[in-house]
Structures are given as structure tokens and as C-alpha cells.
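Letters A, B, C, D, E and F mark the chains as written, and numbering starts fresh at 1 in each.
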């Protein structure tokens, strides 16, 4: 197959509103850049800037969710058409993920206002750049560009994991970075092998080439995809590649851990996107599906074992993140379309809850935890290494703090364990209904059993840890909940509740997204033939 | 192929320059292997850094000038900067070696100046 | 003058280098060379380097020729030694040379000359005594080396950078 | 023998010689015995690598390789200076 | 009001009340109780008003869409069965609300209790009113959760916490099974609507999925209704405040399981499996429950086991697959709720007034509280099945069923005997309860002096006992119609004929009743005293089977097992993790290749072999292997050798037509080497002399062999793939297009640079973001860096230099260093402007020739680095003010603005502008927005790499300061 | 050439992987460097090999401009991006290992010595001086 030597004619000019697609990437990087020019002592200004950016990101994501319901939007960066240039593709799935990332980011940011934002220099810039990487990964339609955004996201996550410093963080960070560096190398090997055998980096182009018989070096291409897939599974923290996750997330500062909850979902997103786009049909149809199923089931199982074994809430939350990734992977591996819609819905709910749990855990374990926020730091000129200015703690202590924390913990537990009526339940229900819709396969039974057991074994340790943290009397002063922390927490939990309450529309959206993903021809046409916009 | 329309003498000249230069460099590297002590070995690479480089760069300048039909002198810059910078490494190395040898009381240790 | 052109020689050298790099010269590259010659030395100013005054350009040229000739000769000598073409016993050793030259720039040029010349190596210089420890590959006579360094290089250098 | 053939053979031979020089330098790097021997070996390796680049540029008749050579010539010594200084002072930057 | 609205009101009101209660201040007891009373009574009124409709046979239904994609609606559906259960829930709820007001201590946070209670009322109503399977599951789990909160209400109490956890674990586990069961039921029936499922009975029972569905639904029902062996949670739930026990653990929640079995009786019952599972469970539970109840010394414990036993009885009835038994089950459910709730309340009063619930300490309370005692005795008699009370009626029906049920199974044959036995046990513990508590001499040494409770506290008991008596005396006038309505809702066409009369003549059930009564009394006479002295070890025969202990052991074992598994299946150590990653990659690649029959050695294209290139790679390989070998003990050598390998790979780029790569690689190489050395200074020295234990030596060797194999396999694998791809013809990809269009479309001759700053500039934007982030992270980390104590000291070399200087005359410390650095300092200083020039050169020509912003930036960094190396950090920073973070920000901003500029021209982000502008003298000058973008790159690269280097370099300064601080501290300590 | 380069990649990768599996963090850092070289060369190799025909079009030098170029400049661009990123991440890893070493006192990758009874590596020990 010969690609066209000249790209399709480009529109003479682009409407202002079309730039919305690139904003989730450009906005954070621009604001971060501007912040680096400001002295780190101007905290209020930086907080305001970050808050405004995050609000804008959520707004943009919501607008995109609305706009992409009709058709995807393709944005040609540099005005070069696919497959030559890099294109951004906002479709239902990416818009949904953008909204999720934005919401989680917003809440984590608000949470950080209480104290974490000051535990190390340049927190806000790193935070925004992390979001830029995540958003880029969700939007890009180019495999290598995806690598770049992965690296942006990871580099920022390294920074955020280490944010606040301290022995535990650095020790965990070392392992986290080493593992993810290897994953990045795998990514590079895989992506270059794909390019070397297929001659393109554009995902849609790749799909189109795979549809034509006799394309490229199929065997070597699949070797590349296998290595690439491995890299993604490492990011998904699939068993046995994801041992880094619980340790790292437990060590990370709370807002960092909360926003990291989206990170492993980026891996899931990519696996979802690529396997449905490339391997739904065509020469390599069904490639890797069995592996994904096994990896997913094993991840659920291991995550469940881990959560049962957890000694503290942050670790439990880390394992919950694993279980949630494993669930989506396993559902993808079963190939059940109906269940996949449920899995998409579940992904959103469980990610929000895991994020909330990280925040909660930090408040509850504050003071008992060896991993504490270090003294705040402002003077970040490199010539003043010992200047650790201290600041008064801000925020109003809320009298009913403990009760609110209890409610929050309960809600998180319900979501993560899939107990009604929250989205964890609705998601699992949708998955069950999807899996049992036709003839129930052995994989389906297996997954149902796995998910049910994992629900139970999530509930038990969560209850144990909750009792330990909230009910068992101890001499520690009761945890103090600050207003910004409360706002962040209630934001996430309210989002969970809304997701359950408006489960109808949400599931309908997930269902439509699944339909859209299952029929990638429209996506391919939109990217390559300028079908949309 | 390079230099298809070059006069033969020029080709021979260029080759002679470059080969001689390369020979000096090779000799220098050989010295690095053959000479017995560190202080002797330090002298060897200078062969390549001075005459070897000079000859090769002359060859290069000649060839490029002939190909482009104008005077191409920029390769001289390489030689210039190399001449200035290589000694920095060597004398620091020698200084370090001298210090260590003296400290460890090795037989070939240099005397104090 | 000094505010616009803090180091005139440097400016000229930079402009020339630029032109060499971007040969053949065009009006554009000449303009850029001018700009580089004017602007870049200002980046040098904060380092506050000791300014250099070349007193005897003629001596500089003569020194250049001498060094070049010495370099070729010692290259050949050293090559012969390495390749084992030289008959007879060969001794290597250290020579201590009392230097009168104290000007840092002169000393640096001397160090570069000696080190760049195969067969001699600048090992250690003692600023308090002015003694230089030189390693010589082909050590025949210590005094001979002292004289050689002082006559052939140190004196012209003292003349140039006095 | 045409000019092109002369150049091709001659330059090829020169390049071979330079690579051989690199190999000898690398041998010193590996053999030691002391750290300063190895650093010296690396310095020689850089030098001969630079010359290899120049000759390669001549073989292909292209000026595109010049920058690479110039960079080694001008700032290639940074790495070996750092090594030497580490040896001498125990740290690269005090 | 429309009936649907009444229904909605009744269903929603408890939740609203719950939300309102939590907003009340902590001491608002009356308000909270009033609120609860209002809610329950209003709900009761609503449900009461709906009685005619519910009894009519056509259920009242209200539905809203919830999850249309899954075909799930929220449906409120009131039929006869739901009506009778709703009345129970709301009626007893109202009484408990009143009772709790007086029972609870003033210090307790009462509004929270009422909040939970009302939420529970709502959840329970939700279950009974559910017209949708999934909705039922939702409320089902809600009751588990709320009951958890209620049991754990006194959370300072360890047994409350444990009890709550156990209850939640068991009932929620059942609920999870129920969910799957409900999904399967819905799948078989084709709908989750209750009406549809109820209509699909035959289809369900025929389905191959019937078995799993049945087991899963029953798992939910049996756990909730505390059937053997899941009953263990119920006695421990008694740690809840007594009103809660009265309400949840006798009258309502445990009945949810019963309700479920009744609800789905028409669908699931009637099969062998139903009979065996439900019947056996019920029978066993009834016997074990009643047997265990006998041996309890705690009043609430006795009542709890009694509850278990009665639940077993009802379950057994439902298991018999007989319509009449269903009627009996519903009837007994109501009866049990009334007498058991009143008994719990009585027990609560006793506890409240005397301060103990231990029957061995209690005695003769009749004298102190005759009124309460009477009430309790009537209720206990009802429990024992004494005629003229409601318990008698339903027990007669039960015994009749036991006799009537025919079949060859041993269960059928044994049924009458076992039923009588269980009844006798019931009589025995009822008798013991009455006798031990109310009769005998007045107790002494009680915590409080007993007397009658306040009037309001007795009203609920009075009401309930009244119901017991009323039903017992005139069943047809009281419960008759409602029972019939409920039974009809379940049985429909199969409604049996029955008679609720007290007297049915002399028949087998009556004989069994009499036998049980007589037997119970006799047993008490014989064993009563011995039971009292039975140490706290559980019932005879069963004292080894302590469910709670087993459960705790199970939980501990589970967690221990999980930890064991976590350690086996995972690891926190980095090395095994990396090993797994590499192995997984090898396996994945091999599997993918083998699956497609990859032919690795297929002949293909080849580029002319050059021996010089091969020799060069010999060098490269030797360097790499040498580095691998020396990295452990000879780090400096390893750094040198890695440098050699890097040089070879950059020469390779050059050789193979990639000058840009070569330039970049060389520059990066230089900076990396410097950075590695900067880091090396802070690492501990390692030497072979470090002793290693022998055992470790063997293991280490084994590990090394494994690693060697993995490394070789990885190398071989990568080499093979690379070879396979390289020798295959190039695919017809997008690559050629760039070569052809770079100049015409993007105006750049260096295609690689054009790719970087134009075609794929977006990648580059990300790349510099990474660089900036890393710079900042490095900086942030090193700010807090504390050198390890053993590397705090100045390096030995410097100390020796200074010592030499001190010992020689005329020299000061530092002279040796200054002398040694004399030449390097001068050279590097004067090189500084030339490197800047080089950087400018690389930057400006990037678009057309090898170079570009990145290379320029690194070159500039090297210029700075050389100054730092020659002069030291302090000297440089006195002179040069570098603000790397600002440079990073500036670089990012410039790059982004260069990209966003195209918006003004109505083009997408990063659209490059390119043109030749004509100037006088200069002629045509190329103008490209890509250059601005490249400028951003350069600025950022300088900022980030300088930041990293400077941050690393600064550690030495910091070390000095730490050392100074230490010296000062020591000095001051010495002075002190 | 293909064979030579692929063997070279293989050796670099093997050495890199070996070092990455070592227990000392500095070894891992060096391994990372070597493995990055291998991967960069691998990416580069995916564009197939061309000797002496850089993808730089005409004009610049005026030297024999035939239209023979590297077939595929894309891999070169990819390598450049990867190169920069791996440079940055190697630096980061190095600093993290330094921080870990400083704060835990150990240079083991797990931040603690595997055999607590063993002599800590930082202590001076008798042995031959390091070359």
C-alpha cells in the first residue's frame, strides 16, 4: 500500500473554537512556564493560577465531552496532516478521560493548598506539567508522541513522588524510577519496531495499514506490539509487572498519590485504545487478547491479596488502584462488548474513589505516618540550600472532622468494594450484566468470581483499617480537617455520588463510547481523510 | 563517489597527507600500548594531537578546497582548539599521577620540583 | 572603547572564527561576525579575566616558527622511540627547571607548548619557588633541557608578555 | 588508478589506521593498570575518534561532519578533564 | 394523595429523616426521637392508607428510570407481602424510636443513633418495597452497612467493633453473592423487574443457570437470616445498644433474608435442591440455635440464639416446598418479630435498671418490677408456644407441616421428632429465662437497685405484648386478612386453605406441643441447676465450636495468608522486579514471534561491509563489557569505559549518515560523564575486601548466573530483532515524504532538524518539558540532600594537598590546587567566549545543517561547566548569575508562544511560518518561526542542564557548610 | 554492517541489562546508560542503514549533490528525542540514587543493605588502594 505522497488538502484556516482540543496540553505548559519565572514565595498567586488553570481544564474537558458526542475532533498540530504530522484526536473516550484527569487534578490541587503545596519547591509547576503529560497521552493520535507524553507525565510523577523528600519517598522513588525507565526503554523498542515494520507512527494509519493484506513485516510488527504492550502493562501495574505501584503510591505525598491514581489509568487507556483500534479486526485481529485477560485476572487477584495484606490505608489504596486497572484489562480480555461499557464506567468511578482514598488516608494517618510532610520550603534559589522557612498552617479546623472523614472513608470503601449504591457497584453490575448477556464463557465466569471475591476481600481490610483508624481509641490528637481538604474530598465523593445518581446517562455515555471504539473505521477516516471537521 | 573530477596529483597529495597523519596517530596510540610507565605513555598521544591532526586536517582542507573550488580553512579551527585543550587534560593527569605516586611512595615517583 | 570593546583582540578573534566557520563570507555572515565580535566578549566580562597585553608581536611570530619546527622534530623523534627505531639506551626522567616567568598567561602558553610537544610534559609548577617539574621522554642531560626551555621558550615569552 | 579510487583506498586505509589507533587506546582503557592510564586511553580514544570523523567526512566528500569533529576538538576535553580533576582533587567541582 | 405518592413518601421519608437527624446537635434527644417517631408513624400511616390497594391483589407500583442502559428501573411495589413487612418495619421502628429515647444514656450522641436507625428503616423498606431485583440488592447491602454502623455505635468497645466487623463481613459477602444471583435470575427471566421474574418461575427452574442462581441467592438469604453456619455474627451483634438489637437483630434485618426467600419462593422453590439446601439449613439452625440458647447466661445472648433458632424454624418451613408452610412462615415471622422485640426491650430494661444481664446474678426481679416481669413473661410464653398467645398458633402450623410433610428422605422422616425436640428446647430456655430472672429470692449485689422503668419505656413493650395476645386470641380478626393478603401475594393460584383457629381438636401437632411443653419443663427441672454452673464454655457438645473464635482465626489466617502470598507473588526489591521485567519482555517477544512463525534469518538487504567499522565496534563492545565487569569495584574505570562505548555509538551515528545524532550524542556524553563523576564523589567506596558471608556468596553466584543468562538472552534477542529488521527491505512508509517535502514545504534543508522543530515539533515540546521537569526535580531533591556521614569529609587528595602546603614554608593551604589549576583556569576562561560562539553557530545553522537548539544549549552548558570545574562553584557564582529555573520557564514560554503565534493566523498550534525576507545589502534572509521555537529549546536546555550540574556541584559547598556547622557545634560542646 | 551493528547493539544491551540487575545503584545507573545507547542504536537501525548520505539537502556545502539520502530520516528524529529524554532521566536517576545514598547511608538499590551484619561499605577498610 502506498501512502499518498501529498496529504489531503488542509482547510485554509481554523476556527478559534477548534483550538480547544490542544488547550489541555498548551494551557498547563504555558502556565507552568510562567510560574517558573515567579519566585516560589508567591504562593497565593501560584495557587490562584493553578486553580484557574485546573478549572479551565475541567471546563474544556466538559465542553469536549459534549462536542465529541457527535463526532471526533482531529487537530493537526503544525498544520501537517496525518500520517505525516502529529494529530490530536478528541473522541468520546479521550474527552471522558480528560474530564476525569481534570477533576481528579482539581481536587488534588485544592487539597494541596492546605499544606502539601509548600512541602517542596515548584510543586504547582510540576503538577501542571503532570496534567499536561496525562492530557497529551489521552489526546495524541501518534504512537511516538504518546511516548513523549508518557515521559512528560512520568518525569513529573517522579518529581511529585519525591515531592517532600524523606527517606521513604526517596527509597520508593528509586525503585519507581528504575522500573519505569525500563518500561520507557521497552516503549521505545516497541514503538521503533512498529515503525520499522509498518512505516508509520500514526495510530489510525497503522490501523489502516493493518487492514490491507500483505502489509509490512507482520511477525516482527507483532513482536514490537508485544514489547510495547508490556510497557503499557507495566504502567497499568499489571501483575507481575506492577510491584512498584503500592510502595510508590504509599510513599508519595497525598495530592501526588491522588493524581497518580490517574497515571496507571493512562496505561489502561492506551491498552484499550490500541487493542480496539489495531487488533479489533484486520491482519492482527485478536492479538494479545488472551494475555490481557490473564494479566487482568492476575492483577485483580494480586491486588486483592495485597489489599488484604495491607497494614495501612495508603497501601490499600494503591492496591485498589491495581484492582481497578486489572478489572478493566480483564474485561477487555474477555472481549465482551457489553461488559466493556461497564468497565469504562467503573474505571471512572474507581479512579475517583482511589484518589479520594489517598487524600483521606493522608489525613487519617497524619502524625502516625513516618512519611510525613517535610517542613515547607520556599527559598528555592540554589544558593540557599538550608533556608527552610516555616509558615503557619492555614485552614479552619472543622469540628465534625472525624465524622466527615468517617463518611468519606465509608463511601470510598463502598465504591472500591463495589457495594451499592455507588459507582463501584454500578460498574461491577454493568460488567456482570454484560458478561452474562450472551452465553457465559469460562473467562466470564472466572472474571465474575474474581470480581466478587475481590469485592469481599476489599471490603474486609478496608473495614479493618477504617475501624483501626477511626474507631479504636488512641492517644493521638484527632485528625484535623482543613477547609481546602474538605472541599477536595467532598468534590471527589460528590463526583462519585453524581456518577451513581446519574448512572443512566453515564452508562449510556460509556455504552456509546464502547460502540464508537468497537467500530474504529470512523476514527480512522476522521484522522486520515479529514472526515470530521 | 567523492572526488571523481579531482586531478590525480591532488588525490595522491591528499592521501599522502592523511595517511602520514594517520600513521602518526597510530604510532601515538601504539606508544600508549608499548611504553612501560605512565609518564612515558603520556607523551605518546601527543603525536596524534599535533602532527597527526595537523596533517589530516591539511589533507581535509586541501580536499574540500579542491572540491568546492575555494579556500576552505575552517578545519584549521579544530586543530587550533585541540592544541589548546589537549594539554589541559594531560597536565592535570600528570599532576594527579605525580601526586598519587608520591603519596604511595611508588618507585618511579617524581621528585618535588 | 573599553566599554564597547572590552577585549579587542578577543573580539577580532571571535569575528574571524565566525567567518572561518561560515565560509564563504556573505554580507549576512559578515554582519553576524561583527555582532558576535561585539556581543560575545561581554559575556566574558563577568569572569573578569586578567587582560593580556602582547608587547612584541615579532617575537610571537618567531616563537611560533620555533615551536612548529620543534614540534615536527620531536614528533619524529618520539615516533622513532615508540617504533623502536632508535638505537642505544634511552632514559626518561624528570627535570626541575627554575622559571623566571611569572606571568600566568606566559606560563600557560609555556605549558601548552611543552605539553603539546611530544617528548616533554609539564608535570608540576610551584608558584612559590617558580620551579617547574618537567618529564622528559628522551632524557640526555638535565642542564641541556633547562637551557633549552629557558632559551627557546621562556625568554621569548617573557619578552612577549612582560 | 583514478583520483576517486586513490582517494577511496587511501582514505579508507587512513580510517582503518585511525580505528586501529582507537582500538589500541581502548586497550589501554581496559588494561589500566591505573586510573590515569585509563583516562589517558579515553583521551586518545576521543582524539582518534575525532580524526576518524574528519577522514569519514573526506571519504564522503561532505562538510556535514565538521561540527561533530569541532565539538570534540573544542569541548571533548571536558570529559577527560573532569576525570583527571576527579582523580587529582577527589571531586570535580569544589 | 395519589397512592404512588404515598408510597414514595413512605420510602423516602426515612432517608430525609436520617439526613435531618445528623444535623441535630449532639444532645438533642427529644428532637431526634420526635423526628424518628414522626417519620415512622407517618410512614406507617401512608402504608396503612394503602392497605386496601395492597390487599386487592394488584400491587401499587411506582417506577423511575435509573440505569436504562442495563434495563434497570427503580420500582416501588407494594403488594400484600410487602405491606405486612412494611408495617412490621415501621411499626416496630416507631416503638423502638420511643424506647431508645429513654434507654440511651444522655452522654451518647443520640442524633447519630437516630440517623442510623432511620437510614435503616429506609433501607429495610427499600428491600421490602423493591420491585426490581437489582434495587433489592442495593437496599440489601445498605442494610448491611447501616447495621455495621449501628452495631459499632459504641465504637470504644472492642466487642462492638468486632461484632460490627463480623456482621458486615458475613452479610456483605452474602450480599455480593446475591448480586450475582440476581444478575443471573434477571438474565434467565429476561428482566430485572420483579413482576417479570415472578412470572418466569418455570423458565427459571428449567434453566441451566438455575443451580448457580439458586446457590447465590440463598447465600445472600442464609447469611442475612443468620442460618448455620453463618449464624455466628448474630450473637456478636448484640454488642449493639439494646434498641438496635430489638429492632435489627430480631424484628427486621434478619427477616430480610426470610423475606427474600419468601419473595422468590414462587420462582426458586419447588425443587430438590431448594428443599435440601433450605430445609437442611433451617433444620440445623433451629436445633443448634435452640440448643445453644439454653446455655446462655446473658439475657441478650439467650434471646440472640433463640432468634437464630426461630429463624431456622421459618427457613425450614420455607424449605418444605409446601404452600401452607409458606403461610406458616409468614405468620411466624410476624409473631416472632412481636414477641422477640418485646423480650429484647424487656431485657434492655432489666439491664438498664439493674446494670447486668447475667441471669446467674439476676434473681427475683418480680418483686422489684412486677409489671415489666409480667410483660416479659407473657412474651416469653409466646416464644415458648404457650396456647392463647401468637407463638402457639404459628408453632402449631409448623408442627402440622412437620407431620404432613411426607417423603422418603431421612429429613422428612426425622422432621416431627426434631421439631418436637426443638420446641422442647424452646420451652426450656424460655422457662429458664423467666425462672432465673424473675423468680427466686431478690438479688443482692446488683450494680443498681432495680425498680420499674419510666412509664414511656414500657409502652413499646406493652404495645407488642398486646399484639401477641390479640393475635393469639383472635387471629382471624387481627392478623387474618393481612396474612392472607401476604400469602396470596406469594402463592397466587396455589393459595392453600387454612384456618387460624386456636383449637383444631386433638391431633398430632397438639400432642407434639404438649410433649414439647412437658419435655421442656422436665428438662429444666433436671438440668436447670447444672446449666447455671456451666462455665463459660458454650453449650454442651458444642463448646469446642466457638464460631467467633473460628471467625477471628479465619480472618487472621486470611490476612496472614495474604501477607504470605503477597510476599511470594510480589516483591518490593528492585532487582527481582527488574529481572521479571526483562524476562517478561523476552517471553512476550518470543511468544509473539513464534506465534507468527517469525523467520529471523531470511536473506535480505545488506550494506557493504567495512572492516574499520567492525573494528570500531570491537572497541565499543570491549568498552561495554569492560564497563559491566568493572562497575562494582572500579567505578571510575567503568565511567571511563561507558564513555568509550558512548563515543563509539556516536561515531556509528556519524558513519551511518546521522550527523545530528552524533553531535548530540557526543555533547550528551560529555555532560553525562561529568555528572556521573559529580555523583561518584558521594558514593561509598567499594572494594573486594568487604567481607561477604559464605552462604551469601553461593546465593550471589547463583543470582549472577541467572542475571548473566538474562542479560545474554536480552542482548541476543535485541540483536536478532535488529538484524532481522535491518536486513529486510524498507517498508513503504511515511519516511520518504519528509525527505522530499522538508525543503519545499518547511523551508529547511536539514530534514532531521525540520522534523524536530516543525513536522514533529510537538514531540520536541514534550521533550523539553521532560528536561525542565527533571531539572526541577533534581534541584528539589538536592536541596534536601544530606551527604552520608562517611562522605562528608573532604576528599583525601585535597586534605593531603593542604597538609603538604602547610608543611612547606611559604605555602598556604590551597596553593597546590591553585598551581595545578593555573593552566586549566586560564584556558577554560578564554575558551568561554569561543564555546558561546560555537553554541550560536550550532543554533543558527540548525535548520539547514547539523546542529540546533538542543546541541547549542548543551554546548553552552559545557561552557558554564568548564568554569565551575576550573574555578569552583563559589568563584563562578560570585561572577556569573545563572538563574536556571527562570531559564526553564522562559524556554517553555518561548517555545509555547512560538507555537501559539500561529493561532493569530488562524492556523493550528505550532504551524511554522517560513519566508525569505529581502533586506538591502544582506539580500534574502530566511525567516522561520521554527527558529524562535528552537530558541526556546536552547534556553530551556541551558536552564535545565545547568540546574542539574549546579545543583550537583553545590553539594560540595553544602558539605563545607555542614562540616563547618559540625565543627562549631563540637567546639561549643567542648566549651560547655 | 548490519551484522556488526546488530551485534554491537546486542553487546551493549547485554552489558546494560547485566548492570541494571546489579544491586548497587551506581551500577544500575551505568547500566541504564549502556542500555539507552543500545536502544537508541536500535531505534536508529529501524530506519535501515545508509552510509555517507545524511538527510541534509543541497546548498549548504556545495559538495557533490546527488539526490541520494537516507531513506528514512524519521528514526533519526526519534532517536534525538529519545536521546534527550534518556539523558534527562539518567541524570535524574543519578541524583535520586545520590539522595538515597545520602539519606539511607546505603548505595543498595533497595536503600538498605541486604546483610545488616555486614560491614557498611562506607567505612574505611583495609585493602589495596583503589587504582
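Please note the rule applied: a residue touches a chain if its C-beta (ideal position, glycine included) is under 8 Å from a C-beta of that chain, and two chains touch if they have at least 3 such contacts.
Quantities reported herein were computed from a predicted structural model and do not represent experimental measurements.
*Asks:* Can you tell me the least number of steps between chain A and chain F, where a step is a move to a chain it touches?
*Replies:* 1
*Asks:* In terms of CA centroid distance, which chain is the most far removed from chain C?
*Replies:* Looking at centroid distances, E is the chain farthest away.
*Asks:* Which pair wins on C-beta contacts, D-E or B-C?
*Replies:* When B-C is set beside D-E, the one with more contacts is D-E.
*Asks:* Centre to centre, using CA atoms, which chain is the farthest one from chain B?
*Replies:* So the chain farthest away from chain B turns out to be E.
*Asks:* How big is the gap, in whole Å, between where the Cα atoms of chain C centre and where those of chain E centre?
*Replies:* The separation of the two C-alpha centroids amounts to 73 Å.
*Asks:* With centres defined as the mean C-alpha position, give me the chain A-chain E separation in Å.
*Replies:* 17
*Asks:* Measuring from the mean C-alpha position of chain D to the mean C-alpha position of chain F, what distance in angstrom results?
*Replies:* 20
*Asks:* List the centre-to-centre spacing of chain A and chain D in whole Å, with centres computed as mean CA coordinates.
*Replies:* 47
*Asks:* Give me the residue numbers in chain F that touch at least two other chains, ranges are fine.
*Replies:* Answer for chain F, listing residues that touch two or more other chains: 20, 28, 42, 45-48, 51-54, 56, 60-61, 63-64, 74-75, 81, 85, 88-89, 92, 96-97, 99, 103, 109-110, 130-131.
*Asks:* For chain B, jot down the residues that touch at least 2 other chains.
*Replies:* Residue numbers touching two or more other chains: 2, 4, 28, 30, 42, 44, 49, 64, 67, 72, 74, 77, 81, 84-88, 90-92, 95, 99.
*Asks:* So which stretches of chain E touch two or more other chains?
*Replies:* In chain E, the residues touching two or more other chains are 572, 574, 578, 582, 610, 613, 636-637, 639, 648, 655, 659, 680, 718, 721, 725, 730, 733-735, 738, 759-760, 763, 767, 770, 774, 777, 781-782, 784, 797, 801, 820, 823-824, 827, 831, 834, 841, 849-850, 951-952.
*Asks:* Hey, which residues of chain E end up touching chain F in the complex?
*Replies:* Contact set of chain E toward chain F: 572-575, 578-579, 582, 605-610, 613-614, 617, 620-621, 624-625, 627-628, 631-639, 642, 645-646, 648-649, 652-653, 655-661, 664-665, 668, 671-672, 675-676, 679-680, 682-693, 696, 707-708, 710-712, 714-716, 718-723, 725-727, 730, 733-736, 738-739, 742-743, 749-752, 755-756, 759-760, 763-764, 767, 770-771, 774-775, 777-778, 781-782, 784-791, 848-850, 854, 944-945, 948, 951-952, 955.
*Asks:* Residues of chain A touching chain F in their complex?
*Replies:* Checking each residue of chain A against chain F gives 144, 147-148, 151, 155, 158, 162, 165-167, 170-171, 173-175, 177-178, 181-182, 184-185, 188-189, 191-193, 195-196, 201.
*Asks:* Considering the complex alone, what residue numbers of chain D touch chain E?
*Replies:* Within the complex, chain D contacts chain E at residues 12, 15-16, 18-20, 22-23, 26-27, 29-30, 32, 35, 38-39, 41-42, 45-46, 49, 52-53, 56, 64-65, 67-68, 70-72, 74-76, 78-79, 81-83, 85-94.
*Asks:* For the complex, which residues does chain B have touching chain C?
*Replies:* Going through chain B, the ones touching chain C are 24, 27-28, 30-31, 34-35, 37, 39-40, 42-44, 46-47, 49-51, 70-74, 76-77, 83-84, 86-87, 90-91, 94-95, 98, 110-113.
*Asks:* Quick check on the complex: what are the chain F residues that touch chain E?
*Replies:* 1-24, 26-31, 33-34, 37-38, 40-42, 44-60, 69-77, 79-81, 83-85, 87-92, 94-99, 101-103, 105, 107, 109-110, 114-115, 117-123, 125-128, 130-131
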